[in-house]
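Next come two complexes built around subunit A: one with subunit B, the other with subunit C.
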Partner chain A sequence: MTQYIVRRVIQAIPVLFLISVVSFVLMMQAPGGPAAQFNQNPHISPAQINKWLADWCLVRQPTVMDTVREYLGWLGVWNCTGGSFLSAHGLPNFLPAFLGGGTNGILHGDFGYSIETGQPVLQMILARLPATLILMGTAFVLWATIAILAGVLAAVKRYSFFDQSVTFVSYVFYSLPTFWLGLILIFIFGVTLRWFPVQGIVNVRNTPAPFATSAYWAAFAANPLPYLYDIGAHLVLPVVTLIAVSIAGDSRFVRSAMLDSLHQDYVRTARAKGISERQVIVRHAFRNAMLPILTNLALEIAFLFSGAIVTETVFSWPGMGRLYYDGVNARDYFLLMGILLIGSVLVVVMNLVADIAYAIADPRIRYD
Partner chain B sequence: MGTPPPPDVLLDVRDLRTYFRVMDGTVPAVDGVSFQVHRGETLGVVGESGCGKSVTALTIMRLIETPPGEIVGGEVWFNGRDILTLSSDEMLQVRGAEMAMIFQEPMTSLNPVLTIGDQIAEAVVAHKKVGHKAAWDRAIEMLQLVGIPEAQRRVKQHPHELSGGMRQRVMIALALSCDPKLLIADEPTTALDVTIQAQILELIRRVQEETGTALLLITHDLGVVAETVQRVVVMYAGKVVETGTVDEVLQDPKHPYTEGLLASIPSQGLRGTRLNVIRGSIPNPFRMPVGCRFAPRCPYAFDPCRDHEPPLEGPGDGDRRVACWLHSRPPFGIEHRPRYGTSTATALAQRTAGVAS
Partner chain C sequence: MAIYPDPTALSGGPATTAAGPTPADVAQADADVEVALESLGQWQLAWRRFRKHRMAMVGLGFFVFMVLVAIFGPIIVPYDPLNIPGSTIPGGMPPSLAHPFGTDNDGRDVFAMVVNGARISVAIGGISMLIAGIVGVGVGAIAGYFGGWVDNVLMRVVDTFFAIPLLFVILVAARFFGEGQVTSLILIFGLLSWPIIARLVRASFLSLRESDFVEAARAVGVKDARITFRHILPNAIGPVIVAMTLIMASNIVLEAFVSYLNFGISPDQTSWGNALANAQSALGLGNWWWAFFPGMAIAITVMAINFVGDGLRDALDPRTRL
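Let's look at the complex of A and B:
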């Protein structure tokens, strides 16, 4: 088992490398550029721009080799200031700093500086991470629970009123675009009925400091309940927007996996044993239907990330999704590459977790 | 509501009818089937695919999925009570405990994600009111009984680590784990290699002798029937066409269908000659023939066969029963004019002679 996990982790490394290449190439291909943004910013002097360009191996009219060097510099394999693969200590640049490697590039945790704000990219992303994790975590737990419960019940009570209702509601929600659903929810439950707040993660009137700052956390720790309630109320509409469409699709998936499982011979064997119907469904039918459902949920995590961009934008949620949207508008390339990479790493990690969970759930998986 | 059968009759199936209501109509999969199994006895149910053997077995276990299936009539007296009248909760006490079943497909009949021990112990815990440890020990004991080597190790394995023959042994161990009075085996050897088939049959026979359980063996293999059972029920298109002891039915088949089944067994002596198969195929279940259901394929069919259903009655004494106009006096006023065939025609000649004298 340990060996299996180690091997899966090692297999993830080339995937992450490819993701970094794709993130970089996508940004290279995008129109506009950092220089165009700098030119519009009166606070930056030409000397600062030139230093910034040199630090990141950026060239004004890059050849193909320059582009490769830019990528390697961003990655941390190329030492931009020294202009070689070797660090200032004369050792390979990709080694960690404490082993005598360089300090530039994502391998060393240096994601560069935002063109727009001048802050380190990593710091900006980490500041936005809690809001995104709260939104996605809540969404994922609710999503998986509701989709599984609705799907299993619909399969067990096939063709019943409940089943038909789930089918009907699923088709309605499945056809709705996320951004439209978000706007309609804001209009009905936020603006008209005033049941839920329409934007942000906290009520700024009642909090001593902006969300995710240390002052905020201090106040949160002192008296968590009203703050939790505040976040909860703000979560309702974005979470519903984020998961309604996915639940619609996934409950159908769970239903068909469960129906498939319910008609297997081993379920008939279980019934022939004379154990209760609940045990038959939970221990035998659902336990086997779990396997395709696990795989599906893992794949859907990536979908959750992309859905978060739209949802966070619609609800002004201070998370990574909206940071990405703002970054695109500002052509903030280092920020975008950083978010793409960190988002991808999270998805790869989630898939890894799902793979390992699958291996635990299915004894037929071979570890070698 | 009928009266209970005598105590030596473990299972008494009376006029059982199971229909499947599907989109295109109603399929009478089991249509008026009656037979008895005595305590400790082995009864064989034979017939070709689709004749209602498995549905009969699943109906007795009350494992028919409703809908589309529905038990529309009949009684199943088992161990002194009509189990068709039991609630589904009461049936949980019967199923697995008093009657157990072995299925055709050992490869798919075991849950792939649970260990063998878990699957056997689960049944034991449900019926024997013992703890998990005792149930686990019982599982090991059962695996030893069915001849699985290294039972201590095997009990922790998952089904995919076992061969088909081993899995069928596990199914037998599972079925017998709660000491059932009746074991229903639905084509237990069909999916296995020929060499393994013999071992599994031998095993079933041995454990049946050791445990004294009655066996209802469903098969289409007359060789298996000849080796294993004491009495035979021959089914065709949802009905019983002939019953009797295994010797009577196999040595002296009365019904043309039984005769055809026996004639269609390939044998070394007939090598090179054309196999004598029953022509045609089983009737369309949505449009069953009005009279005898075998009439369209029967080489001896004559007038009453096409319009009147023959009763299942004895051509002589004992438990021998056959549903064929060749062996029964047709209803009054119907012309009785058979076309003559071979051996069954002889039987007919004997019968008409008897009637005349």
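Let's look at the complex of A and C:
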């Protein structure tokens, strides 16, 4: 088992490396490029631009070697200000700063500065994190509960009216474009019925400060109920949009996993022993069907992350997806690289956790 | 290879039976059909199974209809989707006899936009699916065939594709490299959606490589290339075709989303996503028809493709028999 875990972690390293290369190449090779974007910004003086470029090993009209150096500098392996692989302390630059390494590059948590706002990229991403976590967390819990309940019930009452309706509804929803579903929900529940707000995460008129600032949290802590209600009302439509399409696919998945499990010999044995049907379903069939379902759940977190960009753009939700969309519009390269990299690493880690959890949970499977 | 069954084969000619059955003998006739089935090819069998799947046939019918609309629709519809006559009512006119799907803010006919949009949307979905299929089968076959370090390198590349949130990459690629052109968007969608197929093909290769019939072919001295193309690929192709239908459906939706954000098809062309681009502002006015009809076109087409994919899954799985 230990060997398996170690091997999976080692396998993840080249993937992480390729991800960083892809993120870098995608942004640096884009027409225009970061240097061109600097020149557009009237708030930055030429001296600042030159220091900026030097800090990130960026060269105007780079050769191939310059590009490699840019990449290594962005990664934090190359010391841009010193111009070598060694840090100012004479030790390898990629080491953590407290061990005598450098301070530049993503390996040292330095994702650069936003070209648009001049803020550190990491700080911008972290500021948007709460909104995305609230959206994804709520969506994930609801989605897992509904998909599992609907799937299990449909499998237990196979070919019943309920099963057929679940199948039909899943087919319809599975084919809907997520963003379009959002638009239709906005029209029905936001514009026509006026039940739910359709934009943002809080009602800015009723809050003392923008969401996720310290002033906001202070007011929130003093009297949380109206603030929770406010966020809850804003959550309804984005969450429904985010989960409707994936619930459709996953209730089908749960149903087939559950059907598989219901046809196993041990379920028949359990029934033959005279255990109540409820016990058979919950303790024998469902517990075994949980294995593939749990793996699927872990993998779907990555899917939710992608789905967040759709929902957040349609509903102007101030999360990472919206930040990314704004970044694409503004060609804010360092910001885009940062979000892309953090998102991908999140997916790799989730996959790793899912694989290892599966290996631990299912003793029948041997990996060697 | 013909997908349509040879009618003479279906009628059950006495191919191998020694004693010719009398037509009146029902039981004998059944046995005769059984014998005739054996002589049907892989594709003929698949088509017979597919035809029994009612929803799949409905889906196929609708999809063919959409392709016909995409080809001939723009010739028949009297309005030009790019002609901007200026709206007589702010926010566009609701559906009427002259404009069955209403008009938008600029007075453009939404029905014309939906019909013309079918061309680009279906083309992007279809051609990017073919690119994904070719690249995916190629990469998967190379990885599965050579194994070893080639396999290792290619599969790490595939892993990378799976790890990067695809939508994020597509947005950047479409905005920075797409330049609003159909061909570049087709390439972007095609070249970003092949990894799932590569994974499927490689998995089939790994299992089929050890199978008895490949062993037998190798034993009689069949060349490796022939084993790959004649023995392994045809057996691996079922899941690939099903995955390709899913890729087509998802690429149509992705194109719509990217164009809706104004990162995709440029405004001087019409696609379903493009038609949705300004719809959100109109919703606030209560003008639902801009957003509704192009979106419905996407949803119904995608549903039709998904039904076809479902039918193909049943038809091409060699374990299911008639």
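Rule of thumb we're sticking to: the second predicted complex is superposed on the first by the 342 of 368 C-alpha atoms of A that agree within 3 Å, B and C clash if a C-alpha of one lies under 4 Å from a C-alpha of the other, contacts with A are read in each partner's own complex, and residues count from 1 in each chain.
By our rule, contacts are C-beta pairs under 8 Å (C-beta built on N, C-alpha and C of every residue); 3 or more make two chains touch, one makes a residue touch a chain.
Computed from a predicted structure; not experimentally measured.
Q: Do subunit B and subunit C fit side by side on subunit A in the superposed arrangement, or is it a clash?
A: fit
Q: Please work out whether A:L336 is in contact with subunit B alone, subunit C alone, both, or neither, and reply first, second, both or neither.
A: A:L336: touches subunit C, not subunit B.
Q: Does the superposition put A:S276 against subunit B (first), subunit C (second), both, or neither?
A: The first partner, subunit B, only.
Q: Between subunit B and subunit C, whom does A:S306 touch in the aligned arrangement: first, second, both, or neither?
A: second
Q: Please work out whether A:R268 is in contact with subunit B alone, subunit C alone, both, or neither, and reply first, second, both or neither.
A: Touch status of A:R268: first partner only.
Q: I'd like to know which partner A:D362 touches here: subunit B for first, subunit C for second, both or neither.
A: The answer is first: A:D362 touches subunit B but not subunit C.
Q: What's your read, subunit B or subunit C touching more residues of subunit A?
A: More residues of subunit A are touched by C.
Q: Contact-wise, after the overlay, does A:R287 reach subunit B, subunit C, both or neither (first, second, both, neither)?
A: first
Q: Just checking: does A:H234 make contact with subunit B only, subunit C only, both, or neither of them? Give me first, second, both or neither.
A: Touch partners of A:H234: none, neither subunit B nor subunit C.
Q: In the superposition on the shared chain, how near does any CA atom of subunit B get to one of subunit C? Answer in angstrom.
A: Superposed model gives a least subunit B-subunit C C-alpha distance of 10 Å.
Q: Can you list the residues of subunit A that meet both subunit B and subunit C?
A: none
Q: Any idea which subunit A residues touch subunit C in the complex?
A: 11, 14-15, 18-19, 22-23, 26-27, 30-32, 171-172, 174-180, 183-184, 186-187, 191-192, 302, 305-307, 309-310, 313-314, 324-325, 328-329, 331, 336, 339-340, 343-344, 347-348, 351
Q: Give the list of subunit C residues in touch with subunit A in this complex.
A: Per the stated touch rule, the residues are 156-157, 159-160, 162-169, 171-173, 175-177, 249, 253, 256-257, 260-261, 263, 276, 279-280, 283-284, 286, 288, 291-292, 295, 298-300, 302-303, 306-307.
Q: Considering only the defined contacts, which subunit A positions touch subunit B in the complex?
A: Residue list for subunit A touching subunit B: 264-266, 268-277, 279, 283-284, 287-288, 291, 361-364.
Q: Inside the complex, what are the residues of subunit B that reach subunit A?
A: Against subunit A, subunit B makes touches at 61, 63, 88, 91-97, 100-101, 103, 105, 108-115, 122-123, 126-127, 158, 160, 171, 174-175.
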